[in-house]
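Two complexes follow with chain A in common, the first pairing it with chain B and the second with chain C.
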Partner chain A sequence: MANLQIDFAGIKSKNPFWLASGPPTNTGYQVQRAFEAGWGGAVWKTLGDPVINVTSRFSGLNYGGQRVAGFNNIELITDRPLEVNLREINETKKKFPDHVIIASLMVEPKQEKWHEIVKRVEDVGVDGLELNFGCPHGMAERGMGSASGQVPELVEKQTYWVKEAAETPVIVKLTPNITDITATAYAASQGGADAISLINTINSLMGVDLDTWHTIPNVAGKGTHGGYCGPAVKPIALSMVGECAKQPDINLPISGIGGIENWRDAAEFMLMGATGVQVCTAAMHHGFRIVEDMIDGLTNYLDEKGLDSVMDLVGQSVSKYMSWGDLDLNHKVVALINQDYCIHCNKCHIACEDTAHQCIEFFTDANGRRSLKVREEDCVGCNLCSIVCPAEGAIDMIDKPSDISMTWNERQRLLHTFGG
Partner chain B sequence: MHEHELFLKEKEEIDMLLQNDCKIVSVKENLSGAFVSFQLADQTDEERITTLHLLTPDARIYLTNQLSTKKMEESRT
Partner chain C sequence: MDSPTANHQWKIFDELKPDLKPKEVMEEANRCLFCFDAPCAKACPTGIDIPLFIKKITTGNMKGSARVIMDANPMGATCARVCPTEELCEGACVLNDASLPIMIGDLQRHATNWAMKNQQQLFEAGEANGKTVAIIGGGPAGLSSARELARLGYKVTVYEKNEKAGGLDTYGIVPFRLPQEISLWEVSQIEKLGVTIQTNTEVGKDIPIATVLNDFDAVILAIGMANVPPLSIPGEDLDGVYDAIQLIENVKDGRVPNHFKGKKAVVIGAGNTAIDAATCLKRLGAASVKMIYRRSEAEMTAYPFEFSFAKQDGIEFNWLAQPKRIIDDGQNHVAKLECVSMELGAMDASGRRRPIEIENSDFMIKADVVVKAIGQSRYTSFIEALGLEHEQGIVKVDAETYQTSNPKVYAAGDVIFGNGIGEAMVVAAAEQGKRAAYAIHDYMLSKI
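And now, the complex of A and B:
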């Protein structure tokens, strides 16, 4: 059976599944229940000067019959005194010494504030620190969270201050609300970070109630922008993890966060360079016990792949994720409609005719039935027909290998010699 | 005309010129596509230059495939 243990910046965890900082890690009671369920670690809900929260706080985006395809929150950091959190962290660590507890921290961008909180949380036995430079709402208005995380100089400086005082590994949690996340990842590395975690939530407004015209969620008829997460953000998070992983100047272990619901998502993040993953929304939607399937599924996957350790997955797909200009222009893929599975809904024809390359046309088959076929020579292999097709297996995308490979960058270099 | 038919027409024009001892002397790309200038291999007179205007992306990549192949052949000899 494959070994799920990870070594994340020197932090040993029995598996790569950690709860992310948020409502599921608000108290010792919750974190202990999570550890009993099988989570390898937990990032405690962000500690700092205790806040006062508003109500309501959350909203869910339901899409196509799926509840919580996306999730938005306007909840802030912990509203409990630091002493209470530290006592519960200490109790939890004593009960679960083999589980990882990371303290998420957010204070004003002042050296003495960081030094003070680092010393106090390390005194109760945390395994590491995560600097919350990510939350886009509430705390950002006070100069913390993403307001700090969007300025590389502040990321570097605050990381440096934390490293001055810290004895445990320092993880910098990055905001996606920035043009280029590698800029702040690089700043974290320059500040001496031991690891980065990404992504925090995405700035968002979930909706507007068409009866009341209140924004959602609303607080006495008024609302504010919140942090968006859940399955809908996974592609954004995965891309940002990949961007950081392939950047040689960053060269830090990555904790992947963003829309992870199951072992498949986790494996994808690890293939894209994450050493471990953090989960929040899926636990809020389905409960702590989802980790059981995550552990079973990942173990089985590794066994099927013949891998001894989950660490063997880390970064395996990073070198395949490159600039557009390095992709082969000669590679051709074409759609093929499998008549045995086609349900004749015509969605592929409509999609291709209206919004793609007009290469799916009607013909009358041997039984006199009106059917669809792809005019292969005009198919550009965009995948749209197979994406909109509701019948599994009805459209296959077929590789048409080319003898010659030519990327855009190679082509431009070649044309340059001809005055192009 | 389907785009593939237009590509075949442009490909035929490229092939015909290359088979008739023409060499590519310049390729210029702009908003209107690619303008490829051919000249008979033994000619130096600029007035003898023929220019093809390629519209389709398939023809533009076909052209560069031909250039690449030729360049590889030349480097072997």
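And now, the complex of A and C:
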């Protein structure tokens, strides 16, 4: 059976599944329940000067009758006294010495503030520190969270201050609300960070109530932008993880965060460069018990792949994540409709006809049934038909490899060389 | 044999099948693939844009959804309940091949329920064009044509012999499948377009035929069919012998007889009306209900879902049995039904195997009640009084325009059903009514 143990910046964890800092890790009671359920680690709800939270706080994006395709919140950091959190961290660590507890921290951008909190949390036995430079709401208005995280110099300087005091590994949590996340990832590395975690939540407004015209969520009829997360953000998070992983001058382990719901998502993040993952929304949607299938499913997957350790996944797909200019211009893919599986909904036809390249046409088959086929010479291999097709196996995208590959970058070099 | 359900407290007026719950509606509506050129819509005789009305449910556009349905089918609320959907839209759903078909009928019911509950008027009359049309018969075919003509600006008068309009929807389909208020809501939608519906008015009796033929620019004949024809066997006039159509009509109109309680009932016939009568009797307290059919299960005309419904209700079926004589109890009341066993011979004109009597196979069935449900007879003499060509009471029409032998008179619905053409479905009647209306309009435009 494959080994799920990871070594993340020197932090040993029995599996790569950690709860992300947030409502699920608010108290010792919750974190202990999570550890009992099987989570390898937990990043405690962000500590700092206690705040006052508002109600209401969360909202969900429903799609096609499904709940929580996306999720947003306007909850701030912990609203419990620091002493209480520290006592519970200490108790939990004593009860579960084999489980990882990371303290998430957010204080004003002042050296002495960072020094003080680092010392206090390390005294109670945390395994590492995560600097919350990410929350886009509330705290940012006070110069913290993403207000710090959007300025590379502030990221670097504060990381440096933390490293001055820290004895445990320092993870810098990055905000996605920035044009180029590798800039702040690089700043964290320059500040001496031991690892980065990404992404924090994305600026969002979940909706507007069409009856009251209030924002969703709202507090007594008034709303504010919140942090967006959940399954819908996974592609954004995955690309940002990939961008950081492939950057040669950022040599830091990555903790992947953003829309991870099951072992498949986790495996994808690890293939794209994450050493471990953090989960929040999925646990809020379904409870801590989802980790059971995460552990079981990932173990079975590794066994099927013949891999001994989950660490063997880390970064395997990074080298395949290129610039557009490195893609083969001569490679062809065409759609093929498998008549045996087609259910004749005609969605591929109308999608292609209206919005792609008008190459899926009707014909009458040998049994007199009106059917669809692809006019291959006009198919550009865009995948749209196979994306909208609801019948598993009815449309295959067939590779038509070229004899000679030619990327845009190669083409431009050749043109330059031969002066074309 | 007494059915174990005989003493069950039937709520005879309640619709048997519950409405979908709100979550069921959203789950089901979201499951629809929104096919292009959808087979379900093509399978609907009235051509409802089914994917569109379902899509509108998912976006909460309930008025729009109800309009899509009712625009194509003025009896859309009725049809949501009585259409043989597994043979039409749901049978054509592409998901039959992949998982389970969408519950189109139930979603249609949900959308039209919304319109009913929210008292929505879905359509408006067209600008008056000065032309007048008389419609004889206020059933689905007549009302459907009235609705379309009113939207095209015609002044429409419907003559309905009953107290209420709606035809079989109002009087002929058992209330636990189709509550009367559904049909009456559809009637009111049409009345609100300015259509005059003269109820309790039988053409040829309460108003002269000539008046109707002469005073309007066009006439649509939509009188449907008449009562159950006679069995032509001895004892037919005894007390305790009923006409299935009349039995259902009473129940549907809220006149619930209590003299069937504990009785042994026999229904003769195996069509949808026969099954409606049988299940009605069960709900009216009959101790046992047997159905007698001279052919076998394979030849019965009832829909499969009707048949299984009857079986669930504990109805017994006696196949290959022909009634010969109804025997009295000495007090002019039914006591027994004498039958003879049949076997199936060669194909007959209807394409079904002809039943042939087996000699000396007579047997008796004890019965307190005998209900005749062997089809419906025709208003032949009335059709002749109108001077229209017909075949055994089935009015001849042009297949495209529904025009009869009198160019001014069109016909739609059950009055033209028969001889292997079409099916006697509400949805078919509604579509024919629409087409007759459009044909009249085309004809009027051609004369401008």
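Everything that follows uses one rule, which is that the second predicted complex is superposed on the first by the 416 of 420 C-alpha atoms of A that agree within 3 Å, B and C clash if a C-alpha of one lies under 4 Å from a C-alpha of the other, contacts with A are read in each partner's own complex, and residues count from 1 in each chain.
Methods note: contacts are C-beta pairs under 8 Å (C-beta built on N, C-alpha and C of every residue); 3 or more make two chains touch, one makes a residue touch a chain.
Predicted model only: the values in this text are computed from it and were never measured.
Once the complexes are laid over each other on chain A, chain B and chain C both fit without any clash.
In the superposition on chain A, A:Phe418 makes contact with chain B only, not with chain C. Look at A:Gly64: by the touch rule set out above, it reaches chain C but stays clear of chain B.
In the superposed pair of complexes, A:Lys246 makes contact with neither chain B nor chain C.
By the touch criterion defined above, A:Lys234 lies against neither chain B nor chain C after alignment on the C-alpha atoms of chain A. Once the two complexes are laid over each other on the shared chain, residue contacts for A:Ala391 go to chain C alone; chain B is not touched.
Looking at the superposed arrangement, the partner reaching more residues of chain A, out of chain B and chain C, is B. Of the two partner chains placed by the overlay, neither chain B nor chain C lies in contact with A:Lys45.
Using the contact criterion defined above for the overlaid structures, shared-chain residue A:Lys157 touches neither chain B nor chain C, since it reaches no partner. Of the two partner chains placed by the overlay, neither chain B nor chain C lies in contact with A:His137.
Measuring from the middle, so to speak, at the Cα centre of chain A, the directions to chain B and chain C differ by 90 degrees in steps of 10.
Aligning both complexes on chain A leaves chain B and chain C separated at their closest CA atoms by 24 Å. In the superposition on chain A, no residue of chain A contacts both chain B and chain C. The touching residues of chain C, counted against chain A in their complex, run 26-27, 29-30, 33-39, 58, 94-95, 97-98.
Contact residues on chain A toward chain C in their complex (touch as defined above): 64-65, 343-347, 349-350, 390-391. Chain A makes touch with chain B in their complex at residues 329-330, 357, 375, 377-378, 404, 406, 410-411, 414-415, 418-420. In the complex of the two chains, the chain B residues touching chain A come out as 2-4, 24-29, 34, 61, 64-65, 67-69, 71.
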